């Protein structure tokens, strides 16, 4: 087996016959998670103070590893894809994204503020989601959600209608006593979302008797209605996963 | 095909043979949503300051479009309804509602505060809900809810009983230490609704040990009970939508 | 038909052949709800100020009506119960409760503070729950809950264990920085209940980094666990109501 | 029957033929719960002030009882276990744990602060969970959870992704106006957990318009997604308990 073939097998899940992720890809996923973790930690002063050198070193090491992975991917691309040369593969969307992510590692070294840009590394995870069996799982979930588009549409319309109704009621009841919080319908909507989702921060609360009665009615009747799309999505997820399980069981039996 | 017939087909869903909404009605729904959106935005000073002319123009344009729609509906009514003349159609409830909504557009131009009146435009959406296939969906949901009226009644009675019980308990425990918030059972009910729906604003919270024990017991036992009607409604909704789907699948097969 | 028999039919659901509540019992339920409503309203000064005479009159009228009902029940008791004389019926627990409720109406007239005592009127509702078809529904729900006692026990033990674990964790993390709120495990339990039920008042919130990490883990893992008994109860309720529906459908067919 | 055999039957559930817990083990569970209760109460000054002697006495009595149980367990071990001598049983993990718990009772008597150590008594409950039929129930639940590991993994990944996304969005929107609460992604995560679990303490709330829009979208879309693992766990629990019930019914029939 040539090096190119071995690299292709290690990097491209569709080139493998075995189930699950290759060891190389498992390592890459861990490295991506690590780089996301570093990106998160860097935003917190308490976690970076006096450790700038360590972060810089980590960035350099991660850059080197991802650069090596990028090069290996380009080199092995002709083996298992429709792309005849590394260059034509390098111009695909997913490969260009890899390049941008790769370059984003260099920016902090030249002093640019890149906390935003660094978050695009998470985008690579989405691409990796295509790998292995999770790709099929996501397809099945997507299909189950699509099957329920009517339910979702109807329940979202009802939920939005209720949100509009309750915001208007609270706006009318509270606008004179709390103009800052309920002085307009868009402002009252902040209260409405917090209440109907039962988050209930408590930063904005009705004070008048009329407002409280409207809020109590909203809370009592509305929670069930806001929970409808949630329940539909959960059902679609379960169904999709069931479909995925029965399909992967099938595939295993055939092999 | 006469103009009258074409208008009737474009405006009245029952005059169409094809499935779904006509392009004209889709446009009208978008316009109604737009006019509701403008009505919401207008209540917020930050969104209207210095833009009064734009809002006035939008009102005029929307008025013109809805007036045209109203005229077209009257003109085409004899084609596909039981009303022989436009005038007899104009006197129906839904047509009079359209007229009132239409006239509400003129009021801001003569300087009247009409934020309330403008909200009645949303009422038109209810009428439009009759259009297309959503009408059948709503009927099926209504039927499913009606089938479960016993469950709903029993669970609502249990929930109200629990609410009364917990308000009374908190009123007794907290009335002397927090007379403003728990000085009467109706006041304690505001706390009770916020707690049992798990909204938990935190504006009113028990402070005494007895009150906290009662509140903890209420929260732990009560949440499941308050969730019962919610679960029943969600079940009725799913069942109704399933019924709707199997029925529309049937209709399509017959065609 | 004698008056005694007619009264018995009107007051005792088991003496009726027709389905549902008799008109008399419907009126009595409305009166009980009214008297509970008055009892609730009376605790609020804003609803009673200057209306003392109206409340006194309402109490007198309700007293007269309930006294008449009590007398009629005693008089008609021998018709349809195992009690041979009104007096032996008067000594039953439910009849004595009626008498106490009845006498509670007289106390405010002689100036005694009886807000507590007045709440026992609600107890009559429980007795009325035995009436009509709701009695069967409650039996079926009770049976369904009993069938799931193992599930309930296991899930309650797990939930209590989690509550203890999270209170201890927060007590250890926050006791030095917030001794008032987290200075002991019983105090931390107030936070624990508010968090695990997702009520989240926000009166007691972890401040330290360790406390917040423990709280986040508690919230993320715990909510599903606290929801288990709730879900089991909801399932038992649905099953009980289904059983009730199929049983009452059966009964109707037999008639 | 020798004393050793009787002790073995009373202490070791696997030595009994009858269903359920022996009376001795029931007493031991009650004693453990009591000792946990005392451990909880002791952390609260209001519950211990002036009662130090009573707590000391309770500790001594509990120590004596648990010491007796420990001795009895060692003595009867050869009867029903693979351990030929009490000493080889005393060196097993579960027996050593018992010893540590036992010794923890003595520490407060010599004035050591042991609130932490005392909590390990709860660990004994875990061991007792192996007793009786609950052991089988826990096994079945564990199996049901294991069967759904794919669903759990996928839903946890989606939930974590959403949490990361919403924290990043709020960090970007609010970091300049509220550096204390949203100044870094780890800080914003505290808000994110509180919102997505619908706990909503309200100690950290977005203030800017952009932040509120992002928060509203997070709350509306995210709640359903965070509820997915919860729903899967609840389903696994029900399935496990169903399996347990059908299995124990089977066993009873065979006997």
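Letters A, B, C and D name the chains as they come in the text, with residue numbers starting at 1 for each one.
Note that contacts are C-beta pairs under 8 Å (C-beta built on N, C-alpha and C of every residue); 3 or more make two chains touch, one makes a residue touch a chain.
Remember, predicted model here, so these are calculated numbers, not experimental data.
In the contact between subunit C and subunit D, the residue numbers used by both copies make up under half of all numbers at that interface. Farthest from subunit B in terms of Cα centroid separation is D. Rounded to a multiple of 5, the C-alpha superposition of subunit B onto subunit C involves a rotation of 90 degrees.
In this assembly, the C-alpha centroid of subunit A lies 32 Å from the C-alpha centroid of subunit B. In this assembly, the C-alpha centroid of subunit A lies 45 Å from the C-alpha centroid of subunit C. Listed for subunit A are residues 198-202, 231, each touching two or more other chains.
Those residues of subunit D lying in contact with subunit A across their complex are 150-151, 154-155, 161, 164-165, 168, 171-172, 183-187, 195, 198-202, 205, 212, 215-216, 219-220, 223-225, 227-228, 231-232, 235.
In the complex of the two chains, the subunit B residues touching subunit D come out as 198-202. Residues 36, 39-41, 43-45, 47, 116, 119, 122, 125, 134, 137-138, 141, 189-190, 193-194, 197-203, 226, 229-231, 233-234, 237-238, 241, 244-245 of subunit D touch subunit C in their complex.
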